[in-house]
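Here is the structure we will look at, set down as structure tokens.
Going by the order they are written in, the chains are A, B and C; count residues from 1 in each one.
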Amino acid sequence: MAAHVPVLEDDSLLSRLDRVLYRVERVLALLSGLAVFALMVLAVMSVGGRNFLNQPVPGYVDWIQQAMPLIAFMGISFTQRDGGHIRMDILIGALKGRFLWAAEFLTTFAMLILMALLVWGTWAHFQRSFDFAAPMWSRDSSFDINLPLWPAKLLAPVAFSVLCLRLGLQLWAYGRAFVLGLVEPVAVPLVQSAAEQAAAEAEHVSGADG
Amino acid sequence: MEPIDIGIWVTAGLFLVVVLGMRVAFAAALAGLVGLVWIFWSKKGYAGDDFLWALTVAVKTAGQVPHSKVASQALSLIPTFILIGYLAYYAGLTRALFEAAKRWIAWVPGGLAVSTVFATAGFAAVSGASVATAAVFARIAIPEMLKIGYDKRFAAGVVAAGGTLASLIPPSAILVIYAIIVEQDVGKLLLAGFIPGVVSACIYGLLIVGLALTLKNFGPPVRGFTWGQRFRALPPALPIVFVVVTIIFFVYNPFGGDAWGTPTEGGAIGAFVVFLMALWRGMRWPQFKDALLETARLSVMIFTIIWGVLIYVRFLGFADLPGAFSDWITSLDQSPMLTLVLILLAYAVLGMFMDAIGMLLLTLPVVYPAVMALNGGEFVSAEDSAFGMSGPMCAIWFGILVVKMAEFCLITPPIGLNCFVVAGVRDDLTVQDVFKGVTPFFIADAITIAVLIMVPGIVLWLPSFA
Amino acid sequence: SEALATEWNVSLWGKRRAFTEHVEKLAELVSEKTGGEFTLNISYGGLSKNTENLDGISIGAFEMAQFCAGYHRDKNPSITVLELPFLGVESLEQEREISMALYDHPAVKADLARWNATLLMPSPLPQYNFVGVGDAPRTLDDFKGLSVRATGGIGAAMETIGAVPTSMSATEVRQALDSGVVKAVSFAPHAHMSFGTIETGSWWTTNLNPGTVNCPVVINTDALNALSDTERTALLGSVDEALEYYIDYYNNQTMAKWGPALDERGIERVSYGPEEIAAFKAAAAGPAATAWIEENSARGLPAQELYDFVTGMVGQ
């Protein structure tokens, strides 16, 4: 339902790696969706508990704060794989061939450097809340029921590392497309041709109907 | 170089990389990180040995932002409101609403497009996210409009514009974000959005009727539904009333007793009701998994923008750009109403380049206090105020105006999220097509804003009861 | 190269209020004393989130910051002793004196040194009390089953008399009170006024006094060491005056507004008899102190010593 474009596949090592990583990314994204669902269930329990048992879920806010990083980070690489992070494609949409791949390579490379630095930065953030010597290894805990915060903080560098792997694969794919002058490289999100669009659409519409 | 100058240079650089096609969330984060390095290094007089220190401090400062900003209870409303939208799709509500709207209203000129607008308005009462609304209606309404000969660009434009209604009509993720930033009552703001949302939908509808009457070969009216067919279309859409009532009781109990909980809980309960409905309508694990994945995809996209922009905002904090802006605005020597209109115009321009949430996060800490000061302060009475309303009412009124502007920026090029989403769902449409089709709605939005400014009662009547 | 004027960034949050007046005063004094060569550039929320000010200090992102111990007790366990319920501190002056003495304790200094931080001064706050809606709890028994917004040590204390502490962010407090999700909210008077609880509330507990929060102002130790002698003298020599200004402001401006604010809104003042308070204290204070000492001894802090240090000073 949301914006995403197809990624071509073949038997090359690159494409096989792409699909392996995609399986991992899907699982992580599903975790994120389940966390949203869990939030919903938690609210139902909290309301029910308060109104019927006069006993709200202890640390309701604390649990929400633990779940939010799951929702916010775990799908980041999944979304990048399918081209789901928004961008302005007016300029890049007008490029063709090697110019296009060079431009994609450069912006992807900038993203990789950024995310590598942020893995470092978010890891440092995690480390400041983690202490092997402390009870629950915690040097920072939540307000009400003192849940250790380090597991939630650790999610950021983990998810960002997976994104770095994805960006590495995309760099490889764009670089290969540039060197070989490819038209439809594998393992990167593409803009579809009209005929393929029609076929894909027909297939989709015959599926789930709302 | 002064921090302010660094702020201006880095901001220019951000626009450049965005235009070059770097994904917006990451472009903002990169600009913020580069800006932080620059600021810290400049503090040491750009000594060569100090670059590594500046880089370390900047990276660690930026590294705090993602976790610390997303681990928030209030932001948890966003994924829940998105999930409701997708579950409602599987509960058959989207289709039912569209069908009912079609049978009841499609006989007017431009009928199917008008029906689409009112169906999105109805769906807005269960969906909290404009993009999610645009996404589901792109799937249902565009094919029907194309079937009877609508221009595909206009059909896409109707859906992109109609989707924005979801953020005025409660529940609304972006109203929640506004309430959080300015520390106002979430419940009153949600109530305040209702009538302006309906007014906005009516203005969209009138615009389409006007276009249909003046343009040849515009989509024809769809006639021939019997009254029996019309009434039979209503029951499947009724559950939406149930959801609306649930959410209202959680925000504000109209019968005067205690409300049932907080808006956060209300959103979650609403989602739960729709979840049960979807189960009843035959949603099973494959569809549910799909809904979860789509919710995750949209949520992560929004949250990545949130933390990415907030890294940039963190840098702006160090550059003190907001402070400089605030001083400038309050020093202006002109009527408060003119200043307010100029601020809204500035939002229109900024909104062209920014995403709605990013824009609010970026500007409100600066603009909101300035607007409150223009009106005469946070606790001013209606009699002593510049805009003829008390401080708390002004906060609500400005909130609705600014959210309407933020919605406007969802459909303006070059960065208009709703148009991206519609183009993404419909592979036969480019982003440029959708931007072309949505252009007429700029006029409708301008009219809506003018009406809301001239008749503040539209916004303030409902919350005055709460 | 030319000598750069020293400019420190100071990370506070919210907006300028009674709670931040000592930092504003300090900035004014330091700039005055150094002829503008050393300035404190105060930011309200632009540099960090309030719960991460200590992280920002340890990174070196800014040189001075304010935070509350209870935001993250694992980060600064040593000073949370001052947030224990029913310590018996009676005035802002006493709160200041005890805080300053504790901040000088070697164990406390070592605790904060893990964050590369040096404690400069406290932000003394009066005892927390409840503003609530509905029937006023005239005896402590009436708190049984009452849902209250109270966090940390105060929440734990309220549990001992059967109240049900519910957690929520500060921005949801007003809404929660309006909608009846909680019946009462605990804050210091200035926060009751700025979060608008008194707009909805109908009663206020005058003397429950279960405790308060401890919110120090800290500086990055490297930045402190890098100051010239003149600058350091100007900074450290202004602390006393800044605190005097703060306490005077809180007592004579904020507290002066508090009584009339209650009267204007017809808010009933609920007071409890000495026996009742004594019983509450007996139920809450002892167990909380024991638990605190046990937990923090396990962390390797001289917890008993810190507790005795504080209670000894209170008793004087």
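FYI, a residue touches a chain if its C-beta (ideal position, glycine included) is under 8 Å from a C-beta of that chain, and two chains touch if they have at least 3 such contacts.
In UniProt terms, the chains line up like this: A = TRAP transporter small permease protein; B = Tripartite ATP-independent transporter DctM subunit.
Predicted model only: the values in this text are computed from it and were never measured.
Visitor: Classify the inter-chain contact topology: is it line, ring, star, complete, or other?
Guide: Chain contacts: complete, every pair touches.
Visitor: Taking each chain's centre as the mean of its C-alpha atoms, give the chain farthest from chain A.
Guide: C
Visitor: Which two chains have the most contacts between them?
Guide: Pair with the most C-beta pairs in contact: A-B.
Visitor: Provide the C-alpha centroid distance between chain B and chain C, rounded to the nearest whole angstrom.
Guide: So the centre of chain B lies 37 Å away from the centre of chain C.
Visitor: Can you compute the centre-to-centre distance for chain A and chain B, using the mean CA position of each chain? Integer Å is fine.
Guide: Chain A and chain B have C-alpha centres separated by 22 Å.
Visitor: Centroid from C-alpha atoms only, then distance chain A to chain C, rounded to Å. What do you get?
Guide: Roughly 39 Å separates the two chain centres.
Visitor: Mark out which residues of chain A touch at least two other chains, giving numbers and ranges.
Guide: 50, 61, 124-125 - these are the residues of chain A that touch more than one other chain.
Visitor: Could you list the positions in chain B whose residues touch two or more of the other chains?
Guide: Each of 60-61, 64, 68, 72-73, 260-261, 264 in chain B touches at least two other chains.
Visitor: Would you give the residues of chain C that are in contact with at least 2 other chains, written as numbers and ranges?
Guide: 55, 59, 168-169, 181
Visitor: Under the touch definition given earlier, write down the residues of chain C that touch chain B in their complex.
Guide: Checking each residue of chain C against chain B gives 1, 4, 7, 9, 41, 43, 45-49, 51-52, 55-56, 59-61, 168-169, 171-172, 174-176, 178-181.
Visitor: If we count contacts the way the header does, which residues on chain B are in touch with chain C in the complex?
Guide: The touching residues are 40, 43, 45, 53, 57, 60-61, 64, 68-69, 72-74, 179-180, 183, 185-187, 251-253, 258-264, 314, 316-318, 320, 322-323, 365.
Visitor: In the complex of these two chains, what residues of chain C are touching chain A?
Guide: 55, 58-59, 70-75, 145, 147, 151-152, 155, 164-169, 181, 295, 298-300
Visitor: Which residues of chain A touch chain B in the complex?
Guide: Its residues touching chain B are 1-5, 26, 29-30, 32-34, 36-37, 39-44, 46-47, 50-51, 61, 64-69, 71-76, 78-80, 82, 84-93, 103-104, 107, 110-111, 114-115, 117-118, 120-125, 152-153, 155-156, 192, 194, 196-198, 200-201, 205, 208-210.
Visitor: Would you tell me which residues of chain B are touching chain A in their complex?
Guide: Per the touch definition, chain B meets chain A at residues 17-26, 29-30, 33, 59-64, 66-68, 70-73, 75-76, 79-80, 82-83, 86, 89-90, 92-95, 131-132, 135-136, 139-140, 143, 260-261, 264-265, 267-269, 271-272, 275, 287, 289-301, 303-307, 355, 413-415, 417, 420-421, 423-428, 430-432.
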